[in-house]
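Note that subunit A is present in both complexes that follow, paired respectively with subunit B and with subunit C.
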Partner chain A sequence: MSFHILAEAKKIAKITLAGELDSLSAREFQREIEKVAAEGPDELVLFVENLTFISSAGLRVLIFAKQKIGTNLAIYIVQPQENIVDTLEKTGLQHSVNIVDKYM
Partner chain B sequence: MEDSRIDYYPTHELNGIKFRRGHVLPFGASMVSNGVNFSVYSSAATSCTLVLFDRGEARPFAEIPFPDEFRIGNVYAMIVFDLDYERLEYGYRMDGPFNPAAGYRFDKTKILSDPYAKVIGGRDTWLAKPNWDDIYPYRSRLAFEDFDWEGDHPLETPAEDLIIYEMHVRGFTRHPSSGVKNPGTFSAIKSKISYLKGLGINCIELLPVYEFDEWEHSRESPVTGETLVNYWGYSTVNFFSPKAGYAATGKFGMQVDELKTLIKELHKNGIEVILDVVFNHTAEGDHRGHTISFRGIDNKTYYMLTPEGYYFNFSGTGNTLNCNHPVVRNMVLDCLRYWASEYHIDGFRFDLAAILGRDMDGRPLSNPPLLESLAFDPILAKCKLIAEAWDAGGLYQVGSFPAYGRWAEWNGKYRDNVRKFLKSDAGEVGPMAQRIMGSPDLYYHRGPAASINFICCHDGFTLYDMFAYNEKHNEANGENNNDGANDNNSWNCGWEGETDDPNINWLRHKQVKNALTILMVSQGIPMILMGDEVGRTQKGNNNTYCQDNELNWLDWSLLDKNADLYTYSQRIIRFRHLHPVLRSPKHFQHWDYVGSGFPDISFHGTKAWRCDWSTSSRAFAFMLCGYHAKQGAVTDNMVYVAMNMYWETLHFQLPELPDNLKWHLFANTDMPTPEDIFDPGREPQLEDQQNFLVGARSVVVLVGKPV
Partner chain C sequence: MENKTFPATLDSLDDLRDLVREKALLAHLDKKKTYNLMLALDEIATNIILYGYEQAGKEGVLDVITDLSDRQLTIVVEDDAAPFDPLQRDLPDEDDFSKPLEERPIGGMGIFLTINGVDEFRYEYTHNRNRNIFIMNVPATEA
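Presenting the complex of A and B:
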């Protein structure tokens, strides 16, 4: 498995992503999102310090999270590597998420 | 749950791949629950096989022949389960007769792209060296269609209010001086939106962004040794797929998202997007060309063929798409509907559109069904439709293109008359009067917005080169300077090419300003070529289709070097936006229908109210009555424009204004910067309200407004 998920489905859901978020791991990521969605969190916090690549299917899961949980969901992308920020910007997703260095 | 429905259960299995009968519509590959629906048609294939690859792999992981019961009519349809949407690449093998004389070129050894593919893999990064031995070089892929458009919507700007900027995606930012991340991409255009807004244009028209192969006909330049490529991209590999090599994320297969993001941002900034679409031919060339898709799937349907089975060549590029065949017509319609709905495209400019009005044997039709279908299509109803109303087969339809009240045209006569007038040719005042009015002689029943006014476009000289070269200099294209047009109507101002002579350089800048002014005060829709606002040069090359270098890349340092031109462009564009009298939705009536005391338009000469229409005349003026702006719906200032293309200074007597209005000077191209053009709205009042001295080869714009 190329990444790890630690989910705490409270009002704040926290997930750690590492490695490559490609089409295969995106499916697993999506299943985790479905689980946390059931709890109706206000915030989804993704710790991505060690995430090296996000594919189109990976981006889709972020869109899916918004659709599934609701547009009021605040998504935090914590400590992304530069190429991840780049991908989010070029595909227009940077407006839908909060890119932060640290989640308080 | 959708995926528990019985119709999505696999019924067949081959080597572990599960599949079942598919849906015949929509054509192409669509994601369904836990699977992909494939649908493709061929009128004469005897069998079809679906070929599946994992991304980038040399060999397919599966080949599934369509069982005959999966075929309905001429359509093969199948759902395959458990495929990885992101990594899948697919194609088809079609079996059938190989009999070129009869129009059939089936070859089951070839793997064919899906004509309805939404993404094509294989040329993911611009000019990255391809694997020439790939058994399947242009690979069909799937596209996710869940882009978050938020509140975006095509802008539907009234046509007469548009100012179009014709742009090459790569050329706009590829030059090192652009200072952007990922130069030459959709993403880079996004980072230059503030420049476009600052210039004032409200529409960009992109040279082809459909997937094409930049390596097509690539060769070495005999002059420079550089690799010459298919730079412009007028050679389509697939009509539904955006060019991956134009996306910084193309190597990750995210070009769809990147282009949509660009369009969304442009729309947020009030800028429309028009695509230059090439439905007249494909990249498969003539009988010696490659088999990529159409030729192997349904040659006889997709191409116009001679009775001997060769390709008609009305496009000048080897083949001609059989656009008025009912099946091809539907593909074109499906394609444009897809771009309008999925990409929020605001309009389309049809390359060599006269071909779209030819029948299956190449004869011009009086009522071409394709053009009619496009004009009346409900999904395209608000899209701008623009024709390049000629083709390489000699059909020239400027003014007579079948328009159905919807189509606008690239007005080639506007270009020719303005160019001749600017180089002081005799006999151009009469035609010029028509051109500045929106060419009612050509478009009387269609309104001024039927006329896309342009002086330069990608095809030909840049505006600066128009006044720096008498002759084309296309040696770098490696065709012994035989390519490109010879009727440029250009004038080098006294020296061929670059010079240190300040007088010549001054005159060239003045001529560029003259041209931009005429363009912006003409009724119709003005179109500027990328870089003309800063004096971009192609060093006299008027056919830079193959040059991926500084001949085509916009040099951003020109903004400083030719700051006078940039400021002039900005202000003349702003002037057009501020004055609705310049943007009439209907043609002038030449009388005073609002009771202002002035006709909507009047023509003048060195004497007010007397225009010299004689052949020897090279100067005239016109006045627009602001009370007639938008047919009297709004009130604007009076606008007076004097154009003197005679080689000596002329005194122009000004038309007398009502007592409450005075003439103010907006632009005088004969003056050095910054006296050449004023901030719109802050024009100084003229001391002499009766006469104005218009310099040789100069244009003057006055505004009649209250003091």
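Presenting the complex of A and C:
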């Protein structure tokens, strides 16, 4: 029997968000998502330790990412502050993203 | 009572959130309530700026009136855009929120967060102005 091996590297897009994500800054975030969408990543990792505010405009960009890149995209939200987790939970978004303390 | 005027542009959101933070501090609201009030104001102001003014090709202002009593912190946002009652909008419900992201309705989230974040939210249209009213109960201070 011959040996076969198939290796495939996962494509991971990493973005760090800090400060306040409102409808003004969400435009910038959306442009960034459009850029990474072109690469067709498998995973979108958002480092948000220093993100202190997110409005629905920011949440809509997350939904946009999923719609643009595809349903198989896994979104990781790394180290969100309590108020942000709260908003993700209130809007049911926590079911569609992975909230983690650390991205391995 | 205090009145502050902001240009109806997205750049004002930052200053608006600062104003809310400042008033919430005076009212001794806790961190969570402060955040929720800030979010509520941000959401409604965004709607007014984007849909009331920008999309309508109008320029204008937001007048923000704050009033702090022993019991309540009241913030009123007034604008001259076309009448729009956020409470008349169909809001997403639990069902929508449990759908996968790609099937979710994209609108209504901001108003949902607004109504859920404050102790009382009211809307009125008087003297040709929209008035969005946000009320937070102030924690009782120890005597």
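The definition used in the following text is that the second predicted complex is superposed on the first by the 94 of 104 C-alpha atoms of A that agree within 3 Å, B and C clash if a C-alpha of one lies under 4 Å from a C-alpha of the other, contacts with A are read in each partner's own complex, and residues count from 1 in each chain.
Basically, a residue touches a chain if its C-beta (ideal position, glycine included) is under 8 Å from a C-beta of that chain, and two chains touch if they have at least 3 such contacts.
Here the structure is a predicted model, which means the values were calculated and not measured.
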Since both structures carry subunit A, what do subunit B and subunit C do when superposed there: clash or fit?
-> clash
What is the contact status of A:22 with respect to subunit B (first) and subunit C (second): first, second, both, or neither?
-> both
After superposition on chain A, the stretch of subunit B among 4-12, 22-30, 94-102 or 148-156 that runs into subunit C is 148-156
Taking the two structures together, which residues of subunit A meet both subunit B and subunit C?
-> 22-24, 55-57, 59-60, 63, 66, 86-87, 90-93, 95-96
For subunit B, which residues are in contact with subunit A within the complex?
-> 84-87, 144, 146-148, 150, 181-182, 186-187, 247-249, 252-254, 257-258, 260-261, 264-265
Can you list the subunit A residues touching subunit C in their complex?
-> 20, 22-24, 53, 55-57, 59-60, 62-63, 66-67, 71, 82-83, 86-87, 90-93, 95-96
Which of the residues in subunit C end up touching subunit A in this complex?
-> 10-11, 13-14, 17, 31-32, 35, 38-39, 42-43, 46, 49-50, 94, 96-102, 104, 106, 109-110, 112-113, 116
Subunit B partner, complex, touching residues on subunit A are 22-24, 26, 55-57, 59-60, 63-64, 66, 86-87, 89-93, 95-96
